[in-house]
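Once you've had a glance at the structure underneath, I'll fire off some questions.
A, B, C and D are the chain letters, set down in written order, and residue numbers restart from 1 in every chain.
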C-alpha cells in the first residue's frame, strides 16, 4: 500500500483550505482606498493563516517522507490533523471580521494549538514504526523541541488574548518565525538521502 | 489504461467535499461564547460528515488497490459513488441548520444509505473482474458483511428519525464506530502484499 | 516534458467544477418535503451537469492517453476546454433557479455546444501529431461522428429552447445517453494496448 | 526529496484559484439578455484572470521542470507566488463588479505586478542552483527579458488606471499576447530534452 494517495489527498485538502480562505476576503462594494483599509484585519488574518498552512504543508511533506507503510493509525492521525486545519478558514474569518477581539484571537490560537497537538500525534504514530533512524528521522526528532515550544507559545497566546490580544499576535508571530527559518538539520538530512 | 487518474480525480472530489463543508460553518457576527454554542448543531454535523467522508476515502483507497484494469463500468460506478457523496455537504447543512429536526436527519441518513449502496455497486463491479482472490480481495469480501450491517443501520436511522431523531444519531454513531475500528483482515492482507 | 501535470491540473479543475456545483443547491430554510420539492429544478440541473462533466472527464482521460509530447498548442486547447467547462456551474445555476425557462435552457445548451467545440479542437490538435494510429487513436477517430452528432443535438437544443424547453431537455438527454453507453471500439482498443 | 508534491500542491492551488473565480459570476435573478449583458464586466474580468492563471501554470510547469532538488528556499518562493496568485479572485471580483473603475483596475494591475515579481524571485532562486545550463535553462534565461517587459507594462497599467482605465486594459492585453505566443526557444529546448 503506497503512500502516494495519502499525500495526494492531504495535498488536495491543504490546497483547498489555503485557497478558500480568500473567499472570506469579501469584495468591498465601495471603490475607495478606505474600503480596502476597512478589510485590513481580514487581510492580515488571511496572511497569517496562509503562512501557517504553508508551514504545515512543508512539515507534513518531510514527515511523510519517512513513511514506508501506511497503516490505519497513520490514516486516522492524518485525518485528525486535516480536520483541525480545516477549521482554520472558520476561526480566521471570525477573528478577521471582528478586528482581533480577544475571544476571537483566543479561539484562533486554540485552533492552532489543536493543529499542533494533532501534528504531534501524527509524528508519534509515524515515529513508532521506526526502530532505527535515518538522518531525516533523527532531524525530525530534534525538531520536536520546536513543536513543544510552539505548544507553549499557543497556550500563552490563548491566555494573553483575554488581556492584550496584541500580545497573542506577538506569540503567534514568534511561532511563525521559528518555523519559517529553515531547519539546518533537516536540510542536511535531505541532502544526505 | 492506468488507474492513477481515476484515483487522482476521486481524491480531488473527496478532498473538495470534505473541505467545502466548512463553508457551511457560517461565521457568527457576534463575539461571544453563546454565538459559538449557537452553531453547535452545525459543528457536530460537520464532524460526523468529515468522519464519514474520511471512512469512504479509506475504503475507496483499499478497493481501488485491487483494480488492475479500469473499465467504463468501473468509471461510472465510481461516478455514482462520488455523486451521492457530493450531496453530503447539502444534507449536512440542512440537518445542522435545523438542529437535527426529524425530516432533516432522515434525509441525511438516506444520503448515507445511497452512498453505501453506491459503494456496494462499485465493489461488486470491481470484484466481478477477479476470478481468484489475493489476500486483500478475500479481506474485502469478508468486509461486505459490515457493509450489509451498515445498510440496515442507515435504514433504521431513517425510520427512527420520524420518531426520535436522537435514536438515528445513535445508529449513525454505531456505523461510524464499526468502520473506524481498523479491520484486522485488511491490515494483515496489506502487510502480506 | 511529461503529460502528468497536464492531467493533474485538468483533474483538479474538473473535480472542483463537478463539486462546487453542489454549493448552488441552496439549503432550504424551511423543514418540509415541499421545501425539498421546491429545489427540484436545481437538483435535476445538477444531475445533468454532474453527468456531463463526468463524460468529459472520461473522454479527456482517453484522449490524453494518446499524447506523448505536450506542446503549447495542446496546453492552450486544453485551457479552452477547461474554460468552457468552468462556466457550467454558472449556466446550470441560472437554468435551475429559473425553472428551465427558455432563455436559460438555450444558454445552457450553448455552453454545452462550446464545450463540445473546444473538445473537438483539442482532439484535432492532439490527432495532428499522430502520423500513424494505434488501436486507441483509430477508435477515437471513429468516435468523432458521435461528436458531430452531439454538436447537431446541442444546436437543436438551443433552437428548441425558444419554443419548447422540454424539447431541449430531450435533445440533451439523447446526448447524455449516446455518450454514457460505453464505446465498444475504445474498450477493445484499451484492452489491446 | 522529490518535487512531485510541490507540483501537486501548486497544481491544486492553481486549479482552485482558476475555478473559484466562477463563483463571482453571480447568477442573475432575472431571465433576460439584458441580465446577462449586465455582468459583462465581471465576465471579461473572469476571462482575463483565467488566461493569466493559465499562463502562470504553463510557466510554472516549465520552470519546475528544471528543478532537481527542492530546497526550503524554493518552497517559500513558491508559496510567495501562490499567495499573490490567490489574491487574483479578490482583485478580479472588485474590478468586475465596479465596471473597471480606475482604482480597481490599478489594484488588479498591482496584483499582477506582485505575481510577476514573485515569479521572478522563484526563477532566481531556482536558477541559482544551476551552475551550467541545459537547453531549457538557457531558454528560460532568455525569457527573463519578457518578464522584465511585463513588469514595465504592469507598472504602466497601474499608472494609466488613474487617468484612462482603458489604457491599462490595453497594457494588460499586450502582456497576455506576449505570453500566450509560444516561445520558440522553449519549445525547441523541450524537444531536445
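In this text, a residue touches a chain if its C-beta (ideal position, glycine included) is under 8 Å from a C-beta of that chain, and two chains touch if they have at least 3 such contacts.
Remember, predicted model here, so these are calculated numbers, not experimental data.
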Same or different residue numbers at the subunit B/subunit C copy interface, by half rule: different
Furthest chain, CA centroid comparison against subunit D: B
Distance between the centres, which are taken as Cα means, of subunit C and subunit A, whole angstrom: 37
Inter-centroid spacing, subunit D versus subunit A (mean Cα positions, whole Å): 26
Multi-chain contact residues (two or more partners), subunit D: 8, 12, 15-16, 20, 23
Residues of subunit B touching subunit C in the complex: 1, 5, 8-9, 12-13, 15-17, 20, 23-24, 69, 71-73, 75-76, 79, 82-83, 86-87, 89-90, 93-94, 97-98, 101, 103-104, 107
Subunit C - residues contacting subunit B, complex: 7-8, 11-12, 14-16, 18-20, 22-23, 25, 27-29, 31-33, 36, 47, 50-51, 54, 57-58, 61, 65, 180, 182-183, 187, 190-191, 193
